[in-house]
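Listed next: structures, encoded as structure tokens.
Next, two complexes with chain A in common: one pairs it with chain B, the other with chain C.
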Partner chain A sequence: MPDILRFDNFRLDLQDDEGRRYNLLDDISFTLPEGKALGIVGESGCGKSITSLAVMRLLPAAARVTGGSVSLKGMDLMSKTPKEMGDIRGRDVAMVFQDPMTCLNPVLTIGLQIGEAIRRHNPQMAEPELKAATLELLHKVGIPNPEKRMKNYPHQFSGGMRQRTMIAMAIACSPALLIADEATTALDVTIQAQVLDLMVRLKEGGSLMFITHNLGIVAEVCDEVTVMYAGQIVEAGTVEEVFLHPAHPYTKGLLLALPTLRSKGNTLYNIPGVVPTVRNFTPGCRYAPRCDYKLPVCSERKPARCVLNDRHHAACYLYEEVMA
Partner chain B sequence: MNQKTFFQAFRRNKLGMAGLVIVLLIIAIGLAAPLLAKYPKGYGRNIEAPPSQANWMGTDNLGLDVMSEIVWGARTSVYVSAMAVLCAAAIGVPLGLVSGYFKGRVGGFIDSVIEIFMTMPMMPLMIVIAAIAGSSVTNVGIVIGILSWPSLARVTRNATLRTSEMPFIEVSRSLGVSKPKILFKHILLNIIGPVMVNLTLVMATAVLSESGLSFLGLGDPNTWSWGLILKKAWDSGALLKTPNPVWWWLWPSVAITLYVVSFNILGNAINDTLNPKTR
Partner chain C sequence: MGKYLIRRVVRGLLTVFVSITFTFFLLRLIPADPVSMMIDPKMSAETVAKMTAQFGLDKPVLTQYFVYLGQLLQGNFGMSFKNRDLVTTLLLQKLPWTLLLLGLSVSLALLIGIPVGIRAAKKRNGAFDRAVNVVTMVGISIFIPFLSFSLLYLFGYLLRILPTGGAYTPPPAKGFAFTVDVLRHAVLPTFTLFIGNCTSIILYTRNSMIEVQKEDYIRTAYAKGWDERYVTRRHALKNAMIPTITATGIMISHLMGGAIMTESIYSWPGIGRQIFDAVSTLDYPVLQGAFLFLSATTVVINILTDLVLAWIDPRVKLGGARA
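Coming up: the complex of A and B.
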């Protein structure tokens, strides 16, 4: 199966106003096979969102790509001109963002905003066709009474409906890859379930990339999962492998912190400390300061990627002997 | 906010409505001047006559009807301020949008240019340019417009800085929407409030400047304007005379004040209506 998205040793630094550079993404490598759903999990500040923005080439001004490559459908994204990127965005890859309240332009009608997303890659489309396509999209994402609703402004929509609208805009040109960056975090659980269901249903053979810190969502909708910590990939594999046999201490900690039906009455595990900011990343394994299984070597050298089996690998010294 | 709710909220603002009515009235008078009064020229029979049935606002030292002069002066004021607003908007809005959206070197450069222009003393510069360009009404309008764009650009820039950080702009980018479209559709429509307010202020200051230039003799001597009436009154010594032909200088002054105050009130009202806290 060909890969729709491929990160190869992608490195990215952040540069502050004084010109000092801090490494944020450290050798990010993963692939997303066509038609699959990949979850990227980790706490806030682990570089999940910046990874997805790298796919869109919408990185903040302070970001500097220092190595590696990102390829989408075999195209090297980092070598594209801004104009070529404009053609790729929306057509080959689209994104659903986190906050439905601020992600729609408050002064334009819903219909206009969806129409614009369609027109961008179908410039020759006539007005009646455009309207029909807009109505169809609204219908697809389950907005009742689309004929009337397309004339509404965003403030007349509820959070769930706005997120549906966002999805409609994202899938307007049937992108091969749909990225959902915490797309359901701001919604309440019932709406969350509906919106998730919608995204999975509407990907239509395309691939999905879920950025989330909700492990439940990953278990529910993803085929593969990549666990990130402080800009490094600590563990990756199929959802089944990673969730049933977590290898990296960070992944174990994340899973232990989840409430289960049996954990009633007991205090949940919590990983001590917080994710360091990019200025305070430590050499070696960045998780070492918080790790319960820390070895002396952890803070000296970055652990290599250890293949546990053909569907599972982790970057941790605890598994070096498995390699050897 | 959509248009309908804007007008509903605006209608509740009594002062703003009064300002709007006066502004519209003056614009209407200016546009309909040829229908309302004969163009005042030549000499009249009654010199410096007080208000009467024939001349509601009296006559000047040439016996010309002051009310006709005011009516034709309104035409000039509207023309000059429209001209000035067009020029200021054509320069200030795009520059403000661009400098606010492209924060890096381009934005910084435009911002410095705005700052340099803001430090320039407006009136002396206007006098020099008006003297060089020649005193036609169109020239005066363009000169005022060219010199009042910096404040407009600054307001546009600040509003753009804020709006371009909004997530919906990033959404547009992620859909491949082009930069001109993001700037002139997504951002401009969002910041139209402060821009409109600033445009009404430009309208008001344009008339003040025009009156000033005319009063100093740098306006168009062949076209009636409120400033020109005042200049003629001043030149003939009417302001110091006893008995004083009050009507001659009072009405143009009232007209200027009314125009400026109404536009300021209108601007304020638009601002208040757009701001949810003061709506």
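Coming up: the complex of A and C.
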């Protein structure tokens, strides 16, 4: 199966106002096979959103790419001109962002904002066709009374409806890859489930990349999962492998911290310490300061990627020794 | 909408009423007497008393006030102390000149200020933005009389290419020649007003463009594949114009009467110059009329600004807070 998306040793620094640089993404490598759904999980600030923005080449001004490559459908994205990138965005890859409250333009109608997503990659489309396509998209994402609703402004929509609108815009040109960056985080739980279901249903043979800190969502909708901690990939594999046989101490901690029906009344496990910010990442394995299994070598050198089986690998010295 | 307008108009009338009351009493608090400023020392006490009675200044202030209000209700704005002209006629004569200056300087300020502001915001701290920052800083801090006299000295005296004052060369020419003559006279006062106005338009536009560009919906537009030109035009501009429109409204109400200094220096026969003259002779009726006119136009412009804002931003509900 060909890979739709491929990160190879991608490195990215953040530069602050005084010109100091901090490494955020440290040799990020992963692949997303065509037609699959990949979940990227990690805590806030671990670089998962930046990773998804790199695919869109919509990185914040402070970001500096320092190495590696990102390729989408075999195209090297970092070498594309802004114009070429414009042709790729929306057509080959589209994104649903986190906060539906701020992601829609408050002074333009819903119909116009969806319509322009279609028009960008179908410039030959006439006005009546465009309107019909907009209505169909609104219908597809389950907005009732689309004829009337397309004349509304975002503030007349609820949070769930706005996120449905965002999804309608993202799938407007049937992109090969749909990225959802915390797309359900700002919604309440029942709406979350509906929106989630919608995205899975509408990807239509396309591939899905889910950025989330919600392990439940990953288990429910993803085929593969990549776990990130402080800008490093600590573990990756199929959802069953990683969830049933977590290898990296961080993944183990995350799963232990999940409340289950059986944990009722008991205190949940919590990982000691706090998530470091990009300014105080430590050398070697960045999880080492909080790790229960820390070895002296952990803070000196970054552990290599250890293949546990053909569907599972982790970056941790515990497994390097096992394999050696 | 209808109900909203009625409420605004009623509130506006109240504002105007408060303003004319203040004007009326403030003028009479000035420790000088309009009659004594006009009379010849040789005039007899009788003539002085007659003049005072003629102006209605012999009655108690409160009576004068109610007489004034009564006149206003009949649409009578009074008569100038100085030359017995009707205040209405006097102001209507000056109004076109003020409007001409205002129209020229505001439209130039918008025409140049908005594109410059947008361009500066595009590359924050770039070469263009830094140059604009320096120019606007100078434009904001420059002392208007200093600027005016320097311009007069340079163009009117040294180079002798522009007239030094007035709005036209008497006797007025006919047809096209008159237009050209008026425009030549308008260059310096327009430019003087333009400096300050354009500066604030640039600053408002630049700052709100910078803010708007950080918004999430701008990123959404880029994510659809659109380029910077389209995103600026379609998504950023409308949102960024909201503060600029408010600023323009305030600017216009200021210019209606606020060009006193500029109009006086260039002897431009507008409302501002009229206010200056009326203050020097303590011409109560003219001042009262002028300030009534100013408060009324300010009220009208405020209502118009709100209507334009509500038209641009669907979240603004007329008569209510933002949705």
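Note that the second predicted complex is superposed on the first by the 324 of 324 C-alpha atoms of A that agree within 3 Å, B and C clash if a C-alpha of one lies under 4 Å from a C-alpha of the other, contacts with A are read in each partner's own complex, and residues count from 1 in each chain.
Criterion: a contact is a pair of C-beta atoms (placed from the backbone, for glycine too) under 8 Å apart; a residue touches a chain by one contact, two chains touch by 3 or more.
Keep in mind the model is a prediction, meaning the values are calculated, not measured.
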*Superposed partners chain B and chain C on chain A - clash or fit*: clash
*Could you tell me if A:Gly90 is touching chain B, chain C, both of them or neither one (first, second, both, neither)?*
both
*asked:* After the superposition on A, what does A:Tyr153 contact: first (chain B), second (chain C), both or neither?
replied: both
*In the superposed arrangement, does A:Lys264 touch chain B (first), chain C (second), both or neither?*
neither
_Applying the document's definition of touch, where does A:Arg279 land relative to chain B and chain C: first, second, both, or neither?_
neither
*If both complexes are laid over each other on chain A, which piece of chain C (5-13, 23-31 or 41-49) hits chain B?*
5-13
*Same chain A residues contacting chain B and chain C, which ones?*
56, 58, 86-91, 94-95, 97, 99, 102-108, 116-117, 120-121, 153, 166, 169-170, 172
_Of chain A, residues touching chain B in the complex_ = 56, 58, 61, 86-91, 94-95, 97-99, 102-108, 116-117, 120-121, 153, 166, 169-170, 172
*asked:* Under the definition above, what is the set of chain C residues touching chain A in their complex?
replied: 215-217, 219-227, 234-235, 238-239, 312-315, 323
*So in the complex, which bits of chain B are touching chain A?*
1-2, 103-104, 166-168, 170-178, 181, 185-186, 189-190, 192
*What residues of chain A sit close enough to touch chain C in their complex?*
56, 58, 82-83, 86-91, 94-95, 97, 99, 102-108, 113, 116-117, 120-121, 153, 155, 166, 169-170, 172
